[in-house]
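The structures come next, written out as structure tokens.
Both of the next two complexes hold chain A, though its partner changes from chain B to chain C.
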Partner chain A sequence: MAAKRMNSKKRYELLTRNMGWETTYQSMDEVFPYDKFEGIKIKDWDKWEDPFRLTVDAYWKFQAEKDKKLYAIIDSFAQNNGQMNISDARYVNALKLFIQGVTPLEYYAHRHYAHLGRHFRGEGTRVACQMQSIDELRHAQTQIHTLSHYNKYFDGLHDPFHMFDRVWYLSVPKSYFEDAMTAGPFEFITSVSFSFEYILTNLLFVPFMSGAAYNGDQATVTFGFSAQSDESRHMTLGLEVIKFMVEQHEDNLPIVQGWIDKHFWRAYRVLALVSAMQDYMLPNSPMSWKEAWDVYFVENIGALFDDLSRYGLRMPKYHEVATAESEHLSHQVWLTLYNYSHAAGMQTWVPDDKKLDWLSEKYPNTFDKHYRPRFEMFRQMEADGQRHFSPGLPQLCQVCQVPMAFTEVVAGDAMKISRRVSTYKEDRFYTCSDGCRDVFEGNPAKYAQAWLPVHQIFQGNCGGAELADVAKWCHLQPGDGGEHVGSPDQDRWKKWRGEDTVKPTVMAAE
Partner chain B sequence: MSQATQILTDLQPKDAVENFHGNIIVYLDWDYHRFLCSALAFPLPPAMPFEALLKEVIPNMYSAHPDFSKIDWANVKWTLDGVEDFVPDPAKNLKDNGFGHKSLLQFATPGLDGVGGTFN
Partner chain C sequence: MSEKKVFLILQDTEDSRPIIEAVGADNPHVSIQRQPGMVRMEATQSLRINRETVEEKVGRDWDVQELHLNLVSLSGHVDEEDDYFELHW
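After this line comes the complex of A and B, so read on.
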């Protein structure tokens, strides 16, 4: 008699849940040593509802299809010199930030979801994490492939992983992710799957992908489409994890809320870099940071937490500070990068009048009052041959590691630097905000071990005392950063476009 | 306390003063002059005379700003580690002036309010 065909539900059960068992040779606690120490209590792992019911055979088929399409477009992009279609060479600085600051996080996520794919006790959770691990590796790979084409024509894209481990603004994403990776599995998955990949995902994805679309970057747009369905799975996992933890035991609620608070704030501070990219690096800006924040956070996440209130969860602590800062954030961060891009792997510049007027329009309460005067001063200094780079190094926040340029916006004093100070082992530790201060004071022994780039330079751990030594140690090359006007990137762009006096006869990759 | 937590708690902070080759970290900021986005950080010898901070470090860092040449140094308001009305003794060194590791020195110049009075 022919065997009956399995339905997909049965197939899923056999290929996932039924692959697990109660161990007897070693105790379950020995086999899964990491999933209890955080104090999260799980009564019944079988109550886990698999967020995406994919078996591995379906998974690889879908993913292979996406890859085939994407690589065909990358090939075509390369063959047709797609890099010539971007709006302007300034746009490429968004790609420098992306490959240096985002792609290494994809790789970190790949590694850590593989770890979770082994160490969560429930099979359904392990399967979801295993698939996410492969997703994240695919994202790292496809981003590298996509952006490698730009590396042939523009500076700053040549050594992103080396820079990620050393350069000052990249310690912002690095320290955030490593904070989560050095925590337990439940904190990590709350941080990355929920705070980052659910609450804040659109504030990373939309600025970069619509920025690419509006600035002629077909390759990055295509990568974005290719990753989108992966991201929807990741969001579903994040939501399921939260619901599962709070439903399993009432003792979990305060722990989970604390992690949501901490990692919302930390991820928000990482996105400060994206806000500056969105408002300043895109020659054509479809949407301001403030507009994106209003839609993707205030509206969407407000609605989400209305929904989650039935579990006893509330909005993340200090969310109202983030909302108040939304009219200031991109300007403060861009002006920080402007002061320090001589020590960075990406360029800055004073915006042109079109962009300045766009900023005035999008930020009617803040831009002309607080930030336009500074740009006018910098424009004058540049005209006088004294383009303003900071002659010193900045004070960094002990937790988020961003230069302490944020201000007392909520207190109504937007030009006063926001500083908090904590004491631990008779030493002072500065943080930029109540949010970062709370993170520090929640575990001072951990954050006292932060590798702060500026202090590490002073300790002599970064290749030498002079900027040139540090740049060499970081693999920063001339042209990667500094001022965009007069840079090799700009000169080459003008030459290729015939905007200088010498017309090229052959397109040459540098 | 778990063994891991004990190990972490026993560790010296990464930025303990011993790691700076005899220097202390000093942070410096000109209040309400945001042409420099944040306070600046320096490794300085505690034996450095305050006068050197005043005559060398501060001008090197801040003289590009149009307000700088107008500063009346006799009427500058100093704040050291959050304590206002600090009166530095230029003849003494940093340590004897009360600077410690990661001290923050702020100076304010009321009446000189940045470009167009915008604190930039």
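After this line comes the complex of A and C, so read on.
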């Protein structure tokens, strides 16, 4: 008679326990050289528990099934010219930003979780990191495969990894992730698994992918939700990591809280780009950035920290600033991108009336007062043949690397640029907020070395002194960025749809 | 008693339908919200999927871990056993 099937707890235990050993040829500290220097004290690695208890055989089975489903949809999307069913060509700019700014992060995560999967001393922790590493590679690959179809029809999707390393706004996600990757393993996993994935990733994937569904992009919805199904596991890992560290030793608490504070703020600033994507790039928006923030941050993360308070953890520092900014963030970022998209791999535009009305409705306290008049002015300038692009280069925050365009909303002056100054070795360094200033001052030797695109351009390290030189060095091609109205993307779209090409001035006056 | 909410989001697909029905049957306090492409189930304090209820709805054996195939996001501590999947604060 066949033995009774083991339950999942037992199977998982057999997979992850007693597979390692105390090394004798080399000391354990030599074999695992990175997991002590950060000051995190672990008494018993076996207390680590993965709530999903996914074994390797189950993992392969489910991942294979997810991929089969996804690739069937991608195939059918390509065969049926799915790109024709999206709401508007403007929408594709969200995909440009996604593949340039998010997909390379998936690949970074793949590499670094592989590193962690080697370097944590506990076997259970290593297994969890190894599976996540494979997940992240799958995400990078499925995103590239899915979006390669759009690359046949639209500009700006042709060289995302090259752009990621060079283009100014992409240094925002790049510098955040490299900050985490150059830290120790516990800080990295707190940053990416908890501060980014648990606290903030719902804001990236859930409303955005729901938005893709709302804009007729079947392929993106599918890779997005397919990735997100892994993400749920990663989020749970993030929460487990935090609980594990603070339960292991009381000395860990202040270190962990400091990392949560720092990386919440770092990751939140990366999401500034997502706020613009959600409110402005989706022609049909199912949910505003502020609504998403209220549901996924204020309510959900409030509940999380209410629970974590029994360990002595509190909400990330400056969370109230982020909440106050939720009524301003997307508008300030989109206006910045609007000014500089001639040097970008994605296009910008003045929202049409329907969108402006939607923004007025969703942001009753701020949009009509501060932002709508500016869009109406830009529209008038376009009608007069004066589409505005800023000819100079913006000052960047030394830490988050976003142009200094955020304002003093907490201090009650939404029209005053928020700027902090720190001095380190007789040089001045500018940051955009108390959050970024604290990160800088916490480790000035690290952030003083930041590779800031604007500084690098001025120093002559980016292909030349003219915009065209820098664009060439970034592999930006004409049509990738700039104004959407009158762009080759828009021209092609209108031809496919049998619509007349509308001159920018007529469009702007409608 | 705290009013903290947990949530579970599944893709809006045919595979998810019996799971959503089972959640509705076993969690009288759940609020089920349909959004583009996804279904969000939200409940105060805890939310539970029972394997047996899903099996009744789907008419075959169902492994709790099949949930992974349609999962979009969740919030709360996860308690997964062979017979149920529970989220709680």
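Keep this in mind: the second predicted complex is superposed on the first by the 488 of 510 C-alpha atoms of A that agree within 3 Å, B and C clash if a C-alpha of one lies under 4 Å from a C-alpha of the other, contacts with A are read in each partner's own complex, and residues count from 1 in each chain.
The rule is simple: a residue touches a chain if its C-beta (ideal position, glycine included) is under 8 Å from a C-beta of that chain, and two chains touch if they have at least 3 such contacts.
Being a predicted model, the structure only gives us computed values, none of them experimental.
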Which superposed partner A:202 touches (first chain B, second chain C, both, neither): second
Which superposed partner A:145 touches (first chain B, second chain C, both, neither): neither
First (chain B), second (chain C), both or neither touched by A:317: neither
First (chain B), second (chain C), both or neither touched by A:472: neither
Partner chain(s) touched by A:54 [first = chain B, second = chain C, both, neither]: second
Partner chain in contact with A:8 - chain B first, chain C second, else both or neither: second
Residues of chain C defined as touching chain A within the complex: 2, 4-7, 9, 11, 35-38, 64-66, 68-75, 77-82, 89
Complex interface listing, chain B residues touching chain A: 2, 5, 8-9, 11-17, 19-21, 23, 25, 27-29, 31-32, 34-43, 60-61, 64, 66, 81-82, 100-104, 114-116, 118-120
Touching residues (chain side chain A, partner chain C) in the complex: 7-9, 51-54, 58, 62, 65-66, 69, 202, 205-206, 209-214, 221, 225, 228-229, 231-233, 235-236, 239, 286-287, 299-300, 303-304, 306-307
Of all residues in chain A, those that touch chain B in their complex: 37, 332, 335-336, 339, 369-370, 373-374, 376-378, 381, 386, 388, 390-396, 403-405, 415-417, 419, 421, 424-425, 427-430, 445-446, 448-452, 454-455, 458-460
